[in-house]
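In the two assemblies presented below, chain A is common to both, partnered first by chain B and then by chain C.
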Partner chain A sequence: MIRFVARRVLAAIPIGLIVTLGVFALVFAMPGDPLRELAGDKPIPAAVLAAKRAQYHLDDPFIVQYLLSMKDILTGNFGTTFAGADIADQLRLRIPVTLKLTLLANAFQWTLGLFFGIYAGFKRNGLVDKSLLLATLVLLAVPGLVAYFAAQYLFGVELKWFPVSGVLEGFPRSYLLPALVIGLLGFAGLARLMRTSIVETVNADFVKTARAKGLGEQRVLWRHILPNALLPVVTFIGIDLAGMFGGAIITESIFNLPGLGQFMFQAIKLKEGGVVVLLSTLAFVSFILINLAVDILYGVLDPRVRHV
Partner chain B sequence: MTLSLALVLSSCGDGNGDGSGSGTGAKSEIIAIAADPLEYINPLNDNGSPGIQVAMAMFSPLVTTDPNTGKTVNVMAESVTPDKTSQTWTVKLKAGNTFQNGQPLTAKDYVDSWNLTAQGSNAWKNNGFFSKVDGYDELNPPTPDGATPKPTAVKAMSGLKLIDDLTFSVKLKVPFSQFGLTLQYLGLAPLPEEVRKNPDAYKRKPIGNGAYKLDGEWNAGEDIKLVKWDGYKGPNAPEADSITYRFIPNADTAYNEFLAGTVDFVDVPPTKIKTFKTDAPDGWVTGVSSGANYLVMPAWDQRFKNPKLRHAFSMAIDRKAFADLVGLATPASGLIAPDMNGYREGACKYCSFDAAKAKQLLQEAGGFSGPLNINYNTSSATGQIFAEAIGNMLRQNLGLEVKYTGKQGSEIGELADTRKLDGLRFSGWGHDYPSIEDYLTPMFKSNGDANFSGYSNPALDKVLAQGDAEPDPEKAIAIYQQAEDIALEDMPLIPLYTKSNAYLHSAKIEPRVSKYVGVSALYATFK
Partner chain C sequence: MSDILLKVENLSVEFDTPRGPVRAVDGVSWQVRAGETLAILGESGSGKSVSTQALTGILEMPPGRIVSGTASYRGEDLIAMSVKERRRIVGDRITMVFQDSLSALNPVQSVGKQIAECYRVHRGLSRSEAMKRAAEMLDRVRIPAAAKRVNDYPHEFSGGMRQRVMLAMALALDPDVLIADEPTTALDVTVQARILELIEELQAERDMGVVLITHDLGVVADVADNVVVMYAGHVVERAATADALEHPVHPYTEGLLGSMPSADLKGQELPTIPGTPPSLRSIPSGCAFRTRCPHVVEECADEVPPLLTVAPGRDAACIRRTTMPAKEAV
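What follows is the complex of A and B.
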């Protein structure tokens, strides 16, 4: 077990380097001068430009800029953004916002997905099953951008059930609407997967054997069907959860939630390589950790893949 | 953005935007700002919206533009007087004004704040303003590429002289008749001594000299809550008792917040130009936005050299149709924005749409070789649409082959500055102080700060210098108008349109609308 975890963590280091270097290169390759972007149309005196460039290492060659950024990240010396914000402060404020949004959205998505998926799996071709298929097609076809603005307008502006945007009303009220929309847009896929998995497992030989042995339906369901049917679903949930850090950019922008996604958006807009790399590193580390947790959970569900 | 829960407890909108819950009085308003939250308030280190917008409530300028007459009137200044040549200006302050920390506002505060800003190694954004002042260069020595500018041994510009407690003088490098007007720029606000000593410590607790001060603490990501400062003795105090600036970076979201009744004032984003009048039938205003928009001809490309060709391009554009496409826009007929003193309707002789004349002019100029490239900004939602509209007019009316290139705005600017940009681009300019000179010098003087086209004409430079040296304001305007005529004759920039902005406001406030200074929520009246 410990060896397995150590191996995974060690393997993550070179991958992390490649990912951050790649992201940094992408930001670096974006056209335009970041300080010019910041200044708009108004001219900035040469001395001011020179001072800013030196402060953000913008005059250094690519690889030196990357190494300086990595050094800042690893030593916890985050500095300030181009606009003058203290980055450590920003992280302290923003990580809880993104966590609240992500976890609430996932809670909706899993509850809906697992419930409808399991139900449809057992009642194949029933009303729920067929509506689920239809709902999946409809929901997968709706672009997130449209759904977010439509929900904001309908439930925030017209009906006033939820705040339009911002986090003034705190948790959970300010987060409910965006999390619900994310959950609704995402649950259909999860439910379909769950349903298919249940259908396959219910017809598997070992379930028939269990029934033939004379085991009760409850025991068959909880000990034989669900643990096996959940395996692919756990993988899906893990990847989904890990990916949500990146996916929150649009939602956080539209609902004005000051989380990491919004921070990332600002940083990309202003070509702030250092901030983008820092946030990518954070996302990467959380991705590795969540995947590790999923793999360990896997072993709990399925002794065949247990790591010793 | 708005993490503090202590800020707004009663934020359930009641349709009138009365959600501030401050309890300091009935006259409170919440102004939405569609931008990322501010990280500091320091007008000397801020050169645009929203930093200056918020600073306007907290700091008071030396002089300002009267919204009714367009004339410059004194605020903190008792008088601003040039010498005979307009090279040395004496500023006398009114007595009895103080900072919000109780310290009296003195001439030394101005001189020291300006010197601090002029110091290049501080990298403050309004540093460039002082480049006209004698002794600026000593504080901004050339720095080799890649080196960090070092603080200079000289800490003060030789052109700034303290005369007494309330009087100081500014000696400029060359005569400049418009300098008095530039003093209304809020980026010249004074900072008190304790802030000057350690500006970073006061990033989030500014001490101003204006009508409003911070109400409580202001932490990262929060709304800015201001309350009337009872120590303000200057003129022009707005009516509101308290003002909240709320940052909502997504402009469409800010607009929706207004519709839900949680904010009192919002800018109409470009995406809502067609619908805002029906969305808020009783609560919209429009006002000219100070500024003008142009099509830029590259001086570094020989194909555009002939002025007749430039006039042909200009006359091939149907400005009326284009302004309709832009929405809330007026076709331009000169290089100056229409709200300026000295604007002449119809100054441009080549700005009327006449396809036949345009074709003839192009023929006289010897035609245009190769495809014409039009650059547009990909980060603007309308960049490509506008470029294709202009391109189609030039193609249909002049028979040109047109192609389009989309790039980031900053990249277009960089290519233009290094004289590598191929073809036309769009540009806009808004003045920092209300003088037609602030259009002509930056954009048309050789090496002007915003000379996007690389244009240079010694004759025009000479006329500008004459205007700068003319102490009589009316005569100076007449001279500057000659410079505009030269620029229109050479036409490095083709005037396109001037834009109006639209705003929505709640039922309880009526924003101030002025033909000279546009729409102001800060100076709204309450019902």
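What follows is the complex of A and C.
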């Protein structure tokens, strides 16, 4: 087990280098000058501009800029944004916001997805199953952007059930609406996968064996069908969790939640390569950790892929 | 003679399909006594597995449907009783072994746990006591280092060892009847022989009735006391194994025997029964076998030939052989 974890972490290092280098190159290749963008229409004295450019190493060659950024990240010396904000402080403030949002959204998504998926799978062709099939089809067809704006307008502006945007009302009120929309959109895929997986497992030979052993229906469902049907779902949850940060960039910007996603959005807009790479590295590290956790969980659930 | 443990009478099973019902088992009757091995012989699709799955209640219903018939275990009809009552018997007094042990065992549960489950559910034993018994059972079916292997998972065993695990699970509660559905089909010949020996040995020890479903005449010849031959959902011949093998009455049984490879046939082409088994959707009128039968006469198309006794302990469903027995074999 320890060897498995060590191997995975070591394998992540070269991948991390490629990812950060690629992200940095993309930001570098973006058109526009970050400092002029920051200043807007106001003219900047040439001396100030030169000083700033030197401070952020903007005149160095690409690879030097990249290496300097990586050095900062690895030494934990994050510095300030172009606008002068301390990046370490920003992270301290923003990480909890993103965590709260994604955890709440995931709680909705898993509860709904697993509950309806399991119920529909066990009672297939029933009313719940058929309505679920239809409802998830509709949900899957709605683009996220449309759903966010529609929900914001309907429940925030018109009905006033939830705050329209911002985090002034704190947790959980400010987070409920975006989390619900993310959860609902995500639950469709999860519920469908869970249902299909159960329906496939129900016809497996070992289920026949379990019945031939004279086991009660409940025991067959919970002890034999479900543990096997959950396996593909665990994989899905892992991939889905990793995609959450990407989703946060959009939702946090729309609902004006000061989290990492919004930070990322602003950094990309301003061409702040250092911040983008820092956030990408964070996302990458959490991606590796989540994947590792999912793989270990998978091994616990399925002895055939256990890593000794 | 010993007690009749399981007696199936006039069992018919249909499947509902989008194109109307299909009869997979039609008026099948057989019985098995304590200590006896009854082989149900037939090609795939002949209804041999469906009949046993129907009477044990593990057939998916729907689409399956039991149209008629009884299956009495010591006088109690399994088909008429409630699911709850049946669960007391199936899994405890009547147990089953399936063909493909890799898919028939739960892949994410240790074999010990799966065997122990029988003791936990039917005998209410504690977890540790049940596991101890499971290890004993593994040892009983001669799995080496059973005490250690009890915690292993199905994929960690070879095919033959897995089939032993299946047997250990089926025999854990010392059942009266073991229904073995093609238990050795997925195994190579030497392993097959050892599994069959093991079944015979445990059967003798417990005076258990064994229903052996197979398509392998060699297996029948080796272990079965009596044989029921099925074709397209019907029983076409019922006899003591030795009699059936020496003097088959039904032309289908005869054809099967003729197409068995043997040393005498060396260098010759192996004879086969011409044609293929009929689709259950379009079974020929009258005798289902008549389109492939070498002895067919016009009357064969008139009605389904009844299973008639041609000699003591011998039944066959062939109008030529049962109503005109003097002319030909027997």
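Observations on the structure shown:
Heads up, the rule we're going with is that the second predicted complex is superposed on the first by the 308 of 308 C-alpha atoms of A that agree within 3 Å, B and C clash if a C-alpha of one lies under 4 Å from a C-alpha of the other, contacts with A are read in each partner's own complex, and residues count from 1 in each chain.
Throughout what follows, contacts are C-beta pairs under 8 Å (C-beta built on N, C-alpha and C of every residue); 3 or more make two chains touch, one makes a residue touch a chain.
No experiment lies behind these values; they were computed from the predicted model shown.
Superposition model on chain A: chain B and chain C are shown accommodated side by side without a clash. In the superposition on chain A, A:G166 makes contact with chain B only, while chain C stays out of contact range.
Counted by residues of chain A touched, the larger count belongs to B, out of chain B and chain C. Of the two partner chains placed around the shared chain by superposition, chain B is the only one that A:Q55 touches, whereas chain C remains out of contact. Judged by the touch definition given at the top, the superposed model places A:S69 against neither chain B nor chain C.
Of the two partner chains placed around the shared chain by superposition, chain B is the only one that A:R36 touches, whereas chain C remains out of contact. When the two structures are aligned on the shared chain, A:T281 is found in touch with neither chain B nor chain C. Once the two structures are overlaid on chain A, chain A sits at the apex of an angle of 160° toward chain B and chain C, using CA centres and rounding to a multiple of 10. In the superposed model, A:G216 makes contact with chain C only, not with chain B.
Looking at the shared chain after the overlay, A:T201 reaches neither chain B nor chain C. Smallest inter-chain Cα distance, chain B versus chain C, after superposition on the shared chain: 47 Å. Touched by chain B in one complex and by chain C in the other is not one residue of chain A.
The touching residues of chain C, counted against chain A in their complex, run 53, 56-58, 60, 86-92, 95-96, 98, 100, 103-110, 117-118, 121-122, 153, 155, 166, 169. Taken in their complex, chain B has these residues touching chain A: 1-3, 5, 7-8, 11, 13, 36-37, 39-40, 47-48, 120-125, 127-128, 131, 140, 142-143, 145-149, 203, 220-221, 246, 248-250, 252-253, 256-257, 259-260, 262, 379, 407-411, 413-414, 427-429, 442, 449-450.
The touching residues of chain A, when paired with chain B in their complex, are 30-34, 36-37, 39-48, 50-55, 59-60, 81, 83-86, 89-90, 93, 97, 149, 152-153, 156-157, 160, 163-170, 253-256, 258, 262, 266, 269.
Here chain A touches chain C in the complex through residues 203-206, 208-216, 219, 223-224, 227-228, 231, 301-304, going by the rule given at the top.
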